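For reference, the structures are reproduced in the following blocks.
Two complexes follow with chain A in common, the first pairing it with chain B and the second with chain C.
Take a look at the complex of A and B:
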């Protein structure tokens, strides 16, 4: 595209009062090497008149626009000019609202930002979406329990073809194994019949749904829109093509044999699952002698919220035990149900059911730490508890003890197995072979034919659940196009799983629709650019295939990487990883950012600090600080990046060789409570950074000149101070010695 | 776990508490707001939170010889602040009734004053008894001439019938109180203390109505209880003077001494005190019903009996002076019937609190627990 430039500066929102626009024009024309007459001003650029002003130029052929106005995060509808390259320079938030008006610093900042904007457009190009041929928009649902059935119905009712795969002979999952369900209707005092059967009927009769029962997935290959899924049923395999997947494979009960300390193994100690089976059969009796149970003790959090077992809350057990207490009470009015809990957790309307149950004279509740179960003779048991509300250690006799065991996600076993395999692999081939020979292989779910492994990868702090970033993106897994719903994602009740399934189905639909348009699925759901490597320079080092958070890059037979583009989320981690710097996007490349860094004016007497800010959390936090009119240090120049994972080390040398005094990488928090939109970008940046420090030390440049700061989106109030502190430290170190060269 | 207490939930006890006015019992979720706001609880092992849990779990042995439930005089500060509407005040009242049943023998009489269906028995038994006895004496009729109640029921008759009734009530109450005292000593492992000083201090508390002043929400109960209490004291003094006149000075009723005499002064002050006090008690209950509970049947029964005793007595006097014989004698009969039930059911009705609460307050001083109260 032949570029015809137009530079527009808005005078609204205080910009005109903060910056000497006459000086700015001269500077921009000189440094940006553009004719002064294409630099125009307007009172309010986002007003109808202002927009008309720009559109008139577009009609006359201007196709590359640099708008010096507000943050690119706002007014996105107004400043949307299809068919143009539009670069928004944040004069309002980063200059007018955060600097001393008409000061030399403000002027210098505005100059630098405008010039960087021009350089970015000079280096960039107009993107064109990459749309793969023969896409499928069908949706695969794995798992036919409450979540799976609901997801299938939601997607099918929205008009998409659905294939439902269930490994058991019948649909329904745990919901079909219950005697009764907890009440979901006012006044929350009557147990309800399981609802799942009606849903099974609906699914089996739905014209858009094809059901595979007693079936498992042998292999999943390809990429969103083009997934080839091989389903094995009764020894026969069949391959179907789908666009995206809802994974609703649910949970397994925690292994009660690990709960010997709570008496499991004694005949009259059962789990909540066994209690459900018993209630369904009819009477509630003691397994030891078949006598009707009249004093039933429920022990909550049996193996849950316990560092030695499952550290998390399994969400449904409190309501389930209250429900089972009602079984006990409804079968006999002189029976008592005693519930020993850590906390009763019955969120939402379930609280009303809890209150109703609490009001039953025969339901006895106490907070307690159950320390053991001992024999009380005649098959009866003593529940021994400490820290009770009674204020003393107590022993209560029961004729039946029910352990409220929690849930283990179906993804956990494969994850543990694969992590073990990776660990063994690190120790060498012998250890790996030994591991493979001696470790029983669990049931895999998706069997992805992906470079980075056959299952949803382990996420620190997710305890084996197929979770993603639980703050912003509930349904996404780290495999684009695979959306988790129900208890495989996190512990939840059936009512919650039903709603959750609708969300996951919507994400699956979003995926096939975006793939059809050739835009990123999420979170950059507008992005038509894509990584475009100059393969001729690739050395097959495979760093990109290792570091890609989404396993979007595969290797061919010769070991040369290639993209499965629909898996890509456009974070640019590959761009940051590549030592040959061959990966670029139409509006984001190593050269582009490097040139922007190099364009920054460096005065011998002035300190200059560059902030490479993650667009997802750090940049909005800076904007928020500006909205609050908190002063930003005038010595820093902020350059947004897609993700800190896209940070290429060459930018560090670009900066320091030009005499920049310090560099901040501003990214998301990582670790257990990570918030990174791209899972591990800031963590990767930190890892790469550790390498850069060695290099800097060798150059006798103080490695303290570089720092990675982790910031959450809501920490805008602390952020300006964090930057100030860093600038002070750099000033203490002194100016960059390379300034003179 | 050798040091663990074996607890034995008793569902019938739970149901009993719920049935006798503690129907909000199970709502308690143990936040302990009640204990924090209570002005009469000691700081160590305070109530009523723990009592709520014991009652929820049906741990009736915990209430054996438990003075705490009697230290509460149901000012209802706790119920006013309870975030869940569990009304600890009402629940403790219901628990106290269970204690009365436990200690006042025969416990079956407690059931009569506690079951609405049996209410007629409370009045029919004394009414029939008195009617039979008065008929036997030949005075059970409306007499001609000036209204003179001793024509209807002679002073000797009254002494002969009412003194044993009162003695029975007091004796049962005292026996129950002794059992309760022994249990309190055993449960709390308190075997020694200054009994005389404790009794004196307790009497002082009662005379001054000290405990009532400690409460916030229903401090007006001080006035009503004070009036009823001293109303009865005045009535008792009047009765004592009457006994003095008849048995020692050998005077015959009716005493032609006029309204300036001590009998009439104490009698009328007592009657007015009882009537005004009881009306205040009732109106307080209506006023606070929503937050503090309407009070149990047990509670209302006693209020009603006292109200009828006071009003019928005063009314009988007015009718006597007015000379309306056809109404005066029946009203007097009603008065006698209710006084009789008051005496007979003394240790079984809510009035039994005078024994058990008195003992608990005394024990609290005796054991040194009261010293822990701020």
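Take a look at the complex of A and C:
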């Protein structure tokens, strides 16, 4: 696009009173190298008259707009000029509301911001989406249990072709093994027939759904919209093309052989899974002698909530045991059920079912720490417990004991295997080979042919659950186009899994729709830009392929990286990683930010600090401080970046070689509970920073001139002080010695 | 015939926002209506989320950005649905738009707030402080547009704000308007209200100053709250060092709310961390019936339980009374130890339960409710969907799952 520039400065909201606009115009024309007559002022740029003023110029051909007004976070409807490059320069929040009006410092700050805005548009271009040919919008659902069946039906009923892959010979998963389900409706007193069979029928008859049973996925290659999935069935392989994936591979019961301390191994100690099987067959009897069980004890949290076993709660076992207590009571009038629990967990309206069960005199409940199960003769058992509501130590006889075992996600075994492999790999090739030779390989789920490994990386401390780790964004997985649902993600009830599956199916649909338009998926779900590397300069150093949080970059046979663009979330981590600085987006590039940095006016007597701020959290936090009219240090120049992962080290040398005295990176909290929506942005930036510090020290440039600060969006009240403290430290170090050059 | 893909979402809290954004990003046109002046709902009032202790405004900011960047979403604030008629594919909905008295010319400059002489209780902060009739709820509010409270504003006789506004943004003569929408499907996401603690006579009935609710605690701990994030007890601004949490305040009680409100255990454990972080010399005691921290939330429970400053005691609190010096006397039976405890606390937090907003404010239209006011999804008309806490008490994570899932239902509805 041939650019015709227009620079507009708003005088409203105190800008006119804080900055000498006459001076500003002169400086901007000179430094921004734009004709003075294209720099215009308006009393209130966002008013209908102000907008008309801009639109008239657009009619005359102006297509590149630099608006010196308020924050780009506000007035977005007003300053929306399709087909133009529009750069919003935050004169209001970062100058007028946070600086001494008409001070030299405010003036110089406004100059710098305006010039940076102009340079940004000079270096940028209008994005055009990259849309790849022959895209598929079909959805693959892996797993045919409650969640998988629901996801398949939801997507199919929304008009999408679905392939459902189930490793067992029959669909239905655990739901098909149940005798009854816990009540989901008022008044929560009647057990319900399993709903899964109707759903299986519907799936099998659906014209949009193709079912593969007794099948596993051998390989998933490609990228969203273009995923080649090889399915193996009875020794034969078939490859199909899909657009995105719902992973609903569920759970396994916790291995009861590890629960010997709760009596497992004794003939009349069974698990809740065995109880379902038995109830389905008919009477509740004792395995040892087939006698009808009349006193059934349920031991809750058998393995769950236990640091030695499963350190989480399996979410549905309380309701399940209450339900099974009802089996006991319904199948035999004179039978009693005793439930030993740590806490009864029937959240929400399930509480009403609990209440109903409490009202049954044949159901006894007590909080207890079960200390052991011992033989009471005749196949009967003693449940020994401490700290109960009935007294300190009790011993109760039962003729059948049911262990409420918990769940282990299907992703746990592959994750543990892969973690082990990574660890072994760190020790060298020999150790790695030894690991591969000697460790039994568990069943993998997706077998992604991705540079960064065959499965979705699960979170640290998530015990293998394929959880997103974000409260607000439950489907923000680390593999674009793959959405987990059901118990593979979090322990949940079947009712919850049904809802969750609908959510995952929607995200799968959104993904194929966005890919078809060349738009990124969440969280930059509007972005039509994409990384466009100048490959001629690539040295195949592979940093991008390793650091990309989404494994969007592969390597060809020669080791040269190439993008699988539909996996990309547009965070710019590759741009930050590349030592050759070859990765650019149309509106964001190494050269662009570098040039902005270099345009900052550096005076020998003045300290200048650059703040690279994550635009998702740190930038809004700075804005919020400004809204509170908390003063921002006038020595700092704030430049927003997509994510701190996009921070390229050349910016550090750009800054210091120009005489900038210090550099702050403002990014999200990292570590186990990371808040970065691009996974590791600030952590990577910090890592890169640590490398540059050595170089700085060698140049006798104190490495303390660089600092990464982790801030959350709500820490706006502390942020200005954090910046002040840093500036003070830099002032103590003294001016950048390169200033004089 | 309505635009086959147009969806109405009622409620701009996290469920409604999610339903709206996810639906629009899947390619449908969405109209979102919110009864207050701002989006974000209850989540915007929270200091931090459990269990990650991250600020909800982060996710809200992302969702606001998604709205700003999506031409397919239109939203109305101060909007109340007056009627819903028709059927799937062709619902006619009338929406009353209450006057904001501030138009789109508002720049958010704060001049009206400075000029406004009228103080009123700050509802956003659950009455813990005052705000002015011309105000914005907090500095990350969306839309970032001031509102003038019609109930408290003195009107044209005062008009100090009108004089102060340089942008012709304030018109005190604005009248309510009614708009008619024709949509293909309707998502009900009008959320929940905290249980009214004045009904809890044995717990002070709302008359003991230093007995606050869990939502008030969130506001006290929030940097944008009445005390700028410093937790101080309401009666005298003293730093509370000895705090009790009363779980199931209203919940799991036949006389109040028979169900479990799902979030309160995790919320109190989280709030215990606020206190312990702010006042390392403080002690917190949580009185519970059962601790309900399902799934991986268990880990958070362990973390808090391991803090020597936090004690958890099984027992339903029998009585709270005002003691000398603003303290609160608490009586409870420790059911495991089998003894009665009477103790004094600087401040007591009631883990007040969740009441569906539809308990008091029914959504017009043929909708069935349970006795407790929850929507019964099975009886909803085709093309109408309820999400989140309208169906059963849930946390934000589950609301998000549900609200994302409802977006696919609207696509299916459009295909029928």
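Observations on the structure shown:
In the analysis below, the second predicted complex is superposed on the first by the 714 of 741 C-alpha atoms of A that agree within 3 Å, B and C clash if a C-alpha of one lies under 4 Å from a C-alpha of the other, contacts with A are read in each partner's own complex, and residues count from 1 in each chain.
We take it that contacts are C-beta pairs under 8 Å (C-beta built on N, C-alpha and C of every residue); 3 or more make two chains touch, one makes a residue touch a chain.
Computed from a predicted structure; not experimentally measured.
In the superposed pair of complexes, A:359 makes contact with chain B only, with no contact to chain C.
Of the two partner chains, chain C is the only one that A:12 touches; chain B does not reach it.
Contact with neither chain B nor chain C is seen for A:29 once the two complexes are overlaid on the shared chain. Of the two partner chains placed by superposition, chain B and chain C are both touched by A:367. Ranked by how many residues of chain A each touches, chain B and chain C are led by C.
Contacts of A:523 after superposition: chain C is touched, whereas chain B is not reached.
Judged by the touch definition given at the top, the superposed model places A:390 against chain B, while chain C stays out of reach. In the superposed model, A:338 makes contact with chain B only, not with chain C. With the contact threshold set out at the top, residues 355, 367, 389 of chain A are in contact with chain B in one structure and with chain C in the other.
In the complex of the two chains, the chain A residues touching chain C come out as 12-14, 44, 46-48, 70, 73-78, 154-155, 157-159, 185-186, 305, 311-315, 343-352, 355, 367, 387, 389, 461-463, 465, 467, 469-475, 490-492, 496, 499-507, 509-510, 513-514, 522-523, 525-526, 616-617, 620, 624, 627-628, 669, 673, 675, 677, 712-717. Here chain A touches chain B in the complex through residues 295, 334, 336, 338, 355, 358-367, 371-372, 374, 382, 384, 389-397, going by the rule given at the top.
Taken together, the chain C residues at the contact with chain A in this complex read 14, 22, 25-27, 47, 49, 52-63, 66, 68-70, 104-105, 107-109, 139-140, 144, 166-167, 222-224, 228-229, 252, 258-262, 290-299, 302, 314, 335-336, 370-371, 374, 376, 378, 392-394, 396-398, 400-409, 411-412, 415.
The residues of chain B lying in touch with chain A in their complex are 1, 3-9, 11, 14-15, 18, 26-27, 29-30, 45, 50, 53-54, 56-59.
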